[in-house]
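Below you will find the structure I want to go over with you.
All chains are identified by letter, namely A, B, C and D, in their written order; residue positions are counted from 1 within each chain.
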Amino acid sequence: MTIEDRAGAGVAVGERWARVGGRARVRGELRYAADQPVPPCLDVAVHRSTRPHATIESVDTGAALAREGVVAVVTGADLHALLGERLMTGPAFSDQPCLAVDKVRYVGEPIAAVVAHGIDAARAAADEITVDYTDLLAVHNVDAAIDGVAFVHDELRPSAVFGDLKHLRGKRGTNVNYEFNLLRGEPDTEGVTTVRNEFWSPPTHHVPIELPYTAAWVDGDRIELMSTTQTPSYVRQSIADMLELPLNRVRVRSAPLGGSFGAKMYDRLEPLAAALAWTLRGAVRVVATREEAFLLTTRHGVAVTSSMSADENGSIVSATADVRYETGAYADVGPRITAKSGMVATGPYRTDNIRVRSRCIYTNKPSAGPFRGFGVPQVTWSHESLVDELARERGEDPAAFRRRNLLREGELSATGTPMHSADFLGCLDAVTAAVDWDSPLRRSEGRLLRGRGVAVGVKAVLTPTVSNAVLQLNQDGSATLLISTVDMGQGSDTIMAQIAAEVLCLGEGQVRVVAADTDVTPYDTITAGSRSTYHTGNAVRLAAERMRDRLVDLAATRFGVSATDLKLTGDGLVSAQTQETVSIAELVLGHFGARGTTLTAEANFTTSWVPYDHDTGQSPKVTEHWFAGAAAVQLTVDTATGRVHIEHLAVAGDVGRAINPTLVEQQLSGAAIMGIGHALFDQLVFDEGQIVNGTLLDYQLPSIKDMPDRLTPIIVESPHRTGPFGAKGVGETTIIPLAPAIANAVRDATGVRITTLPLTAERVLTALTEASQA
Amino acid sequence: MKLGSSFVVPAGPSRVFAHFLDPRSMRASIPGCAELERVDGAHYRGRLENEIAHVRFSAGFACEITELREPEQVRAVLKGEDHKLGSSIKIDALLAVHPDDTADGSSRVDYSMDVALWGKIGRMGESIVRRRSQEVERQFVTLFSEICASGPPGPDNPALVGTTPAPAGTAMPAGHRTSWWRRLLQRLFGGKR
Amino acid sequence: MTRDIELIVNGVRRRIAVGDDELLLDVLRREFGTTSVREGCGVGACGACTVLVGGRSVSSCLARAIRQDGAVITTADGLPADDDVVERFVEAGAMQCGYCIPGFVLMSHELLAENPAPSQADIDAHLEGNICRCGTYQEIRAAIAATAEHRAVSA
Amino acid sequence: MTAPAYHYPDTLDEACAVLADGEDTMVYGGGTAIQILIKQGVLFATDLVDVGRVPGLADITETPGGLRVGPLVTLRRMETDPLVRSVVPLAAQVYGQVANPRVRNTASVGGNVAHGDYRLDPPTALLVLDARLELTGTGGSRTVPAREFFVDFQRTALEHGELITAIDLPRQPESAGAWFAKLSSLSVNDWPCASAAALVVDASRQRREVRLGLGALAHIPLFARFEVAATASADEVVEQAQEATAPLIDPIPDIRGGAEFKRRLGLVAVEEAVRGSWKEHDDDRGSRWSWRRRR
């Protein structure tokens, strides 16, 4: 079956439908989680560790408990006494308690929670708690952690979620909680030109503007949560496990999110809220302040030591990468990130000889977890800087060099999985054309030096995963779609409606998506990793197709014709034989003999993989599909101040097929703007484990003044054979190559190669000075 | 945060070294050290009080001498906690004294400190903390030099007579608390100003 | 300590009791149900809590309610149904997650009241303290420029 | 931590009395800085004295010598008020560079300087314009030149019980050239990493005085001035300005840059401010609105 065959008859896919809830978003009338009605709740404040690594000798809660308005003070030890080891949660490793039990592992870790009438009373009481510590040696960076100067965890505790981590259970005396290895050919092979370097990407934070929020309450024998989460299905399982409840006694609801970018998934505030509500048999609300949100999760700081070698023909003959992910005090999903990024650590290039070692490493810092790009931008920083330098060493145009070496359709990636629907060349050509790559450049202008740079990026989609959709067609011809995908600004409510509408020939506004509610909406692995359009989109497409078949059957009965004679159109079902037409409304009314009735169809879409070989990382199918993107930039460097100014940034992503080009362009642009921050100034700064810039007065985010003079998002479409109408996701595609594209342009402008992010004015100016002195 | 420097004091190394270990001398030299007493040979305890901008920090601390190379080098680790402020401090300090080549009877003091601040105070702004630390450093150099110059440790050292603990730093709006410079001058010169 | 103050919020005048140290942000959400006013950073740096007080933009997360006695306050959810800035934002697709957008809408109103024909530099200078983490800045600029054009044509 | 008592006096006398009485009293002006400290849980004050009801503190009046500005005048009004723009255009320009319009709508002129933050923009203008601050306590008022107001790190000439009751800004000479350069090192709208205000005024027929106010380059705002021949080239003036300011620059290293980087950036700011003001003095004599066109 070709993609065209499966295209719906409708006119929804490819249309620039307005974003669902657009007006409500603009007017501030959209209800986010904290605006949703919940029972009257007690407020929760936590007392936090003032040590990076210490044993908790005792916790004195007396003064806090004595304060007016305080209902309860709960410590990690209290919860451990009630819940035992079930207190420990986490997607890859069950290593994180919501309140520290026997020791603290980072500055700011919650130790005790105050439940009180009003947040002011709760906070005041939390300040009264005192903790007696015995300090332990702290591990502040990956090198110290690998050396094992101290161990953050006594033993490794893989969770039940990922079977392939089982062998790590109980392993002691290490801070490395996971190691991914990839081996192909003879990685020590060298061509005539070899480059090698050390790269560093610092930890950063997502900073969605909506703060994390969870309300939890007990309703009879059930617990209910309203939470800012991208992963309601995961949270339900996690809370059910923690409280030893059957899944039908846990209800998790989400609402549209005010941004997330990976910050609001897996276990964040939910375990604490649920544990408190359940043990107190009441209703509690946990709200993180901005300063607290910085402690909940971060993006991994990553060190990469890497090399790349080319032969005399300019073909890449070998590439190696030693990647160290700093995952902080708790593994979260770090081991998965380590593997998924390790797979692409040498880039989307045709290379026969590859070695990658990618390690996930505990340190005494706040836990690092998923962040738009899932660890791939940090390795792309390495391979796209290296490949650029390799081209320059050879005296070749960096775009042309990439062009020759980039993987084509059907060629094997480093993992041995073939490429499909990953048009690197199309993306590269589109962005270089946009910035007039080959046109002459005025390289010097007063204090300014001008240059151009380019980079590409590759990422594998999360595999295997499960998506479900339930489609309810109402008698009047409108539809209600039940999925657990969470709209967090990426526009999934709009995209999923368009997919269903395309199949059923419905118009804009006729398909309504229900917000995730585990009592109502079916299981979905996660809303993350740019997976929803493809996976949930396929479940929606399948459900809609089943619904269409159902309508066709009803119409066939009604008209007394065979099903093959019928076609669903915008006017309804049309019989070729009888030339009769019946609208959906009439058809359903006729079938049930009642108004307001519903037809229901459901579908599941599950992907599978072949697990990668433990020693070589090879697999014929390591992923369901690939993401391909590119960025090209023209910029100036002020030689007096070191400041980089972007004149033109062009980004492109192969999205298979753009379901809604407007929303796709916004994702391409939005990820690029976030990437500008990572390239130039966005980073979390630590001193001995303490975040020193953990407020928005100090933490740097791109504002409207950091926009490039020109930003061009470009959609590239090479349809995926099993994507819904050929589509794939897009949320991360352009953040991946962004930082190296900018650094490569700085290199082009100044001749200086900077390998540590971000490229702050100071770092650039210092590098320029050192280069001029050398 | 790393701090460190060296300075010359008009006293011989052995006297300087004796001051290193004398709680009374150190209390009078360390700005904001409100209390300091020796628990046993290698352990001290005390209280640090300091004001950084609008913030008052008061931490009981314990200090352990982790390395002692008589008569030239002492390494001590100080750990303190201000419960009220939800903050703690750790200072790993190395103090060394050598004969000074440039002048007879004087010595050069080298010090280096690794200061960690954790909790609310640690996140209130690195520049503010750094600036305050610079001030504390300068005061320490002045006070310690004066004490070394005035004689050996003990109650007879004129620089130590009548020293009373006082919090360092100033509060906003400024001026209503005697500035540290004035307090320093009062301490050194008996309130001549 | 609690005192009575009068606020006129989106045209509704009410006398309410507020604590000395209560923030306008919390009072507006609690007493007036203005969901468009949101805490994002708590330090006046992101603009999600923007309200107009007498037509001037204010970070309600840094403003004590008690100081606003008699103030005329506008929040984005209280704008007229046919508000032109809202229309242009909707048309331009100037929203993604939408959390920060009400703040941008109010800042735009303030800007256009002072400067009916702002250049892009004027727009950027006025909006530099509002963060859209989704990165909708191009669409926001376009929406403001379109509002200015519409107003110029209909004037 | 107990919340400080909040006072809302109706008169200046009452405000001064409360300020003098309390142990750790603070004036609550625009409130932006104080609210941030409260939010971070690190403000230690026994009493906050909100002077919002005290009459007369939010006025701008023209005086024979220039302008008298009340402490509760907002930064935004300084930026936009036609009187300020015509009498002291440099002040209008610099006040318009602080933070963002929303903060400027709330933050007050008095609180801005009383905060004593070494990074703030307005002190650089106050220094070169030779502003004077009127400080009032229970014992009466006194006047302190801006150049003597910033005493030490986050410490000003304000004594316990005093508040700023006015800032007198001398008229900016018609012929003066003025420029403000603000350089950030991270995001464009970040706090300044180095800033410089320059004012070039006629000293005599053949000579000009160059005044420089620097922000974020030491623990307090810095001031320097020197005279040059009116015929000097811009390069020569820049060189002199850098010689005059380099010894004063003593930056505090932080996440925005190390001391050496900030020193370099400071000299760039000085150069930009001097070139701009020197050129304006030559070209744009008397054109008070010139800075608007440059934005």
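Convention: contacts are C-beta pairs under 8 Å (C-beta built on N, C-alpha and C of every residue); 3 or more make two chains touch, one makes a residue touch a chain.
Computed from a predicted structure; not experimentally measured.
No other pair of chains shares as many C-beta contacts as A-C.
Separating the centre of subunit B from that of subunit D, both taken as means of CA atoms, is a distance of 35 Å. Mean C-alpha positions place subunit A and subunit D at a centre distance of 44 Å.
Annotation: 30 Å between the Cα-based centres of subunit A and subunit C.
Per-chain Cα centroids separate subunit C from subunit D by 28 Å.
Contacts with at least two other chains are made by residues 42-43, 125, 128-130 of subunit C. Multi-chain contact residues, meaning those touching two or more other chains, occur in subunit A at positions 127, 289, 291, 685, 692-693, 695, 697-698, 701-703, 705. Across the assembly, subunit B contributes 84, 86, 123, 125-126 as residues in contact with two or more other chains.
All chain pairs that count as touching, in label order, are A-B, A-C, A-D, B-D, C-D. The part of subunit B that touches subunit A in the complex is made up of residues 1, 79, 81, 83-84, 86-88, 90, 114, 116-119, 122-123, 125-126. On the side of subunit C, the complex with subunit D involves touching residues 1, 20-21, 23, 42-44, 47, 50, 56-59, 61-64, 66-67, 107, 110, 114, 121-122, 125-126, 128-130. Subunit A meets subunit B in the complex at residues 47-52, 107-108, 127, 130, 135, 291, 685, 687-695, 697-698.
Across the complex, subunit C meets subunit A through its residues 34-43, 45-46, 48, 75-77, 79, 83, 86, 89-90, 93-102, 105, 123-125, 127-141. Interface residues of subunit D, counted against subunit A in their complex, comprise 1, 36, 39-41, 183, 185-191, 193, 255, 257-258, 261, 264-265, 268.
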